[in-house]
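Heads up, there are several structures right after this.
Okay, so chain A shows up in both of these, paired with chain B first and chain C after.
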Partner chain A sequence: MQRLLAPGLALLFFVVLASGFLVIIGQPPVATMLDLAVYAFGDAYSISESLVKATPILFCALAVILPARLGLISVGADGQLYLGALVGTGVVLAMPGAPILVLLPAMLVGGAIGGAGLALVAGGLRARFGVNETITTLLLNYVAVLLVNFVVYGPWKDPANLGWPATIPFPDGATVPGLFGTRAHAGLILAVLIAVVLHIVFARGRVGLRLRVLRDNERVGRMAGLSFAHMVLLTMGIGGAIAGIAGIIETSAIQGRLQPGISLGYGLTGFLVAWLSGHSFLRAIPLAILIGGLIAAGDTLQLFAKVPASSVTVLLGLLFASMLAAAGIARKRAGAG
Partner chain B sequence: MTAPPLIRLKGVTKRFRDLVANDAIDLDIAAGEVVALLGENGAGKSTLMKLAYGYLLPDAGSIEVDGRPQTIHSPRDAMALGIGMVFQQFSLLPALSVLENLLLAWPRAGRWRSGAEDEAAMEGLRDLAPEIAPGTRVRNLAVGERQLVELAKVLNLDARLVILDEPTSVLTPQEAARLHRLVRGLADQGRSVVIITHKLADVRACADRVAVMRRGKLVDAAAIGDRTNDQLVEAMVGKSVARRGRPAHRRLGPPRLMLRDLCCGGIQPARNVDLEVRRGEILGIAGVAGNGQWALAETVAGLVPPESGEVLLDGESVARRSERKAFSSPVAYIPEEPIRNAVVGSLDLAGNLALRSLATSAPLPDPAAAAARLEAFDVRPPEPGRRAATLSGGNLQKLVAARELGEHPAAIVACYPTMGLDVHATEAILGRLVDHASAGAAVLWIGEEIDDLLAIADRIAVIHDGRIVADLLPGATNAAEIGRYMAGGQSRAA
Partner chain C sequence: MEGAEFAGAWIAASLRATTPLLFALLGETLVQRTAVINLGVEGQMLVGACAGFAAASAFGDPWLALLVGGMTGLALSLVHAGLCLGAGANQIGSGIAVWMLGLGLTSFFGRAYVGAKIEGFGPLVRDADTGVPLLDQILSQLTVTTLIAVALVPIIGLWLFRSRTGLRWRAVGESFETARALGLKPWLVQVQAIMVGGFLAGVGGAVLSVDYTETWAQDMTKGAGLVAVALVIAARWNPFLALPVALLFGGSEAAVLRLQAQGIDVSSYLLATTPYLICILVVWISYVRIRGSGGMPAELSRIFG
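Take a look at the complex of A and B:
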């Protein structure tokens, strides 16, 4: 019963709050919510669109969870995603004719390096000078987005686009393969794989324990021969690499070229998923798919029900608030019992 | 008709699950009276006073203040009744300055800060410890200094009853004497004071009456003149404890742990320390808290790099070189306040035991081995899967000893290792240090109790203002001489 308390309460809160909101904007609440569920997971096409949205969210959640295991609060997944897309695209532009077995891995490595590089700016400042990583990752997001704008409006703009800010379309050798002929792609498999590997490494290996010791008592960690600075660089670097991969995969598989607006707030959504999962790599997987489904369903809903686009963002916010409140209540009850 | 006591506890009982922490306690405290609440760790002294302070609620019994029954639901209620308590820790905000901490508890605080009010809030502390600057952040204060700030905070409340929880456990003899005088002064003003303590010296120095607790029961209460020390110890521990005598003379070998012109930075730095600890030797370091002991201990234990100078173990450098790079010193380290300095509270006991091998690829001990180690060091309960934060201070200190002393270290740094521990736990820790010295370890023991240092150390160095000012042999000195050096009365060169 206790285990079902939090999800049950979350559902209850969400239904009540969402109904209220839908009534206010003049939509039938029950029908609209049923539509949402159908548009999210009702048929093969809906499911594939939900998985498309879930993929970058899951990557970004993993990029947040990793530093969070050391007690760091990184809100820079979006920026890391953009810089990953930038560097990965650079690799593609440098050797567009290379065979897929060379180009695809090289592109992914480029994306990882880009994301890690940006994350390490914040990580290095934290490790060396104790600068708050939340502030630096937040601000570096703008830097990364504007850098992408700079290259697609400037040096990397494809003249054939007639002024449209985007690079040349990616060649086949730089296209992440799709799944079952849908828009869902191999990136999802990679994200799940990374989540499972991280889970195993943390459950079986020593690194999880090391991070926990440093997070809870850095003095004792020092005594044990651990270096907080080192672990900051490690977790921020790998986290950034994961977000960077999300960026280049999104660019390659979904957009097909580098252009502004790669991310629909995936970084922040990933941050919330990370938080809701209780910083668990495994729990982030279903949560990312659920949230991805809601976002995808929102697009469809907007098309058919004439609901304004921003209303889906409102529903998403209500869902997050409901889940956080339910988790808080469940924790309090567990503490009292 | 006599006036009712300031506070009367009647049949007060408090249970924590199966443990009866306070079993039907009756205790009166009259106005202007100093009562010493004596007992070992875990006897229930602090619990009883937390009930009076509203920090905990009793399961049974009643509390009367000025003859009227009162239910004290919270410290706020207690303060309104004129009851204040100084805790051992936790009630100061480390990130704020001394003055800000005092202002937070300042009862007459106006809406806006004023210079006059700042002055008034600081006044009490100036009397206690003029050397503490109002702008210092509390996290930069030594433990002894924090306690004085806590005390000033409660005195600012004009409490009629002041409860002090183990106030002298972190103070030097001189500071303790100052506190004892201050307590007498409070009594002369008509206030009542309860001193929770396990030290007979506190009882003798300032109490009118002594109440002794053992295992949750009040076993004795009498005017101080009616009890001898032997009677009090017997009431406290239930059986006579043989004080560990000076151990058989150990054969001292060649120098093992050497500090060469060592300078340690920090708020209270240590300067130009030259010391040698020989194989089998216990070198005690006496000093007033906050004279560089902490910096010295952390540097020798390899937690912070020295500013200059060298730490040598068997001729090889064991000093940390970089602030940020990982480094694990072979020197075993038992600091004070284990929950802050030596264990990870959220980790289980087995994890805490394995901390030293965490950074390596050495296999972690299995649960059976961990349980055996916990048994051997009398950690209670010896359950490897239990979270460290649930253990008492004494047991945490034993846990640290189990980790640090388990592998026959060549050198040991112990910095106030017995702070706040009861007689049994203190004897156990000091006994371990002696055993390791006998087995050839070099022991650097930064001590708090001069009597303990005199009884056990082979040599006593005195630190004052960051410098070693005396190097004495226990047989050729006494507490008074050490106290003079500690106070900076004369230096070796003079």
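Take a look at the complex of A and C:
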């Protein structure tokens, strides 16, 4: 019973708040929520579109969960995604004619390096100087978006685009393969694979324990020969690499070229999924698909019911608030009981 | 352009760019003084900017717009108060939830106002002619909101450090136990601080849309609220230091705009990263200088290392 209290309460709060919002904007709450469910998972096409949205969200959630296991709160997945897209695109532009077996892995490594590089700015400042990582990751997001704008409006702009800010289309050798002829792509498989590997590493290996010791008591960890600073760099770096891969995959598989606006708030949505999952790598998978479905459904809702897709951002905010309230209340009760 | 005129124009532009941030920064300073951190400032500024712009567009009164913006920011800040103090939720998570709500609500309800035109405050003195070119530039570019923001610095500073209530707020931030021994309810003081912070963030947002840009655009704060949270650290939780620290950010923003207008040969996107990088730099420097938790309210350092 106790274990179900928090999720149950969260669902209750969310349904009440979401209904309230839908009523305010003049939509029938029950019918709209059913519509959203159908638009998200009602047929094969909807499901594939939901998986398209779920992919970067899952990557970004993993990028938040990993440092969180050490007690770090990184909100920088969006920026890491952008810088991954930038560096990965740089690799593609450097050798557009390379065969796919060379180019695709090189591109992904480029993405990982870009994301890790940005994350390590925040990680390094935390490890070396104790600068709070939440603040630096948040600010670096804006820097990364501007850097992508710089290259696509400037040196990397394809003149054939007639002023449209974008690079040349990615060659076939740099295109992440699709799945079953839909827009869903192999990126999803990679994201799930990374989640499972991280889960196994943390469940079986000593890494999880080490991080927990350091998180709970740095001094005890130091006496056991563990270095907080090293672990900050490790978790931030790998997390950033994962978000960076999300960026280059999104660019390659969905956009087909680097252009502004790669991410539709995937970083922040990934942050939400990470917290909803209780920072569990495995639980993040279904939750990312669920939230991806909600976002995809929002697009369809805009098309059919003329309700702006930004209504889904409000719903996500309400969901986050509901979950935080429920978790807090459940913790209080557990503490009192 | 003559030297004095140029300097005057740049000082005025810096002050104008700083004004919205200064409101939010002063508010968040008070919030953090009571050991609450609120990343929702970003969302509160957004709702303030959106609602303030809507009010200016409906009633044509910029003063009313600031009030509406402030009250909307205050209303959203109550979500943070409810989540952190009511439900005992994680403060960073709660702040981000508030940010998401503000972003979603303003994207949704703000659509109607994209591209709309409004009447702002107008300059302090039209066609100023004091015979001092530097002063003329400043007077003819500044608006009343900058004066209010700058006046708030000593008012809030003196209130925090010299008044009895200010002492109580600081006591809460330093030690809940001591505060309770003084007969205070820490949560009650924290709610008040969050509300004041929400109001000031909302006013800052309204100043941005109604006075500074005179337009509404989706996500127009572009991280100003997050910058405010960061700069509180650089200002060492001291309202008096809020002005110079905010000027670093606003001044670099104004410099970037000025350089672009001069047509220098660097991408405007690259230049636009400068204010964020400067913000990270000053936060970094202040961490190096205060090593440990120097200056940070003790109760705050428990939740925000």
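Just so we're on the same page, the second predicted complex is superposed on the first by the 318 of 337 C-alpha atoms of A that agree within 3 Å, B and C clash if a C-alpha of one lies under 4 Å from a C-alpha of the other, contacts with A are read in each partner's own complex, and residues count from 1 in each chain.
FYI, a residue touches a chain if its C-beta (ideal position, glycine included) is under 8 Å from a C-beta of that chain, and two chains touch if they have at least 3 such contacts.
All values reported here derive from a predicted model rather than from experimental measurement.
Contacts of A:R222 after superposition on the shared chain: chain B is touched, whereas chain C is not.
Of the two partner chains placed by the overlay, only chain C lies in contact with A:N149; chain B stays clear of it. By the touch criterion defined above, A:A127 reaches chain B but does not reach chain C. Once the two structures are superposed, chain B and chain C can be ranked by residues of chain A touched, with C on top.
In the superposed pair of complexes, A:F271 makes contact with chain C only, with no contact to chain B. Residue contacts after overlaying the shared chain place A:V75 against chain C, while chain B stays out of touching range. Shared-chain residue A:R210: touches chain B; no touch with chain C.
In the superposed model, A:G163 makes contact with neither chain B nor chain C.
Taken in their complex, chain C has these residues touching chain A: 39, 79, 82-83, 86-90, 92-94, 96-105, 107-108, 111, 222-223, 226-227, 229-230, 233, 267, 269-270, 272-273, 276-277, 279-280, 283-284, 287-288, 291, 304-305.
In the complex of the two chains, the chain B residues touching chain A come out as 301-303, 324-329, 333, 340-347, 351, 355-356, 358-361, 364.
On the chain A side of its complex with chain C, the touching residues are 25, 73, 75, 125, 129-132, 134-136, 138-143, 146-147, 149-150, 153-154, 265, 268, 271-272, 275, 308, 310-318, 320-321, 324-329, 331-332. Across the complex, chain B is touched by residues 127-128, 206, 209-210, 212-213, 216-217, 219-220, 222-230 of chain A.
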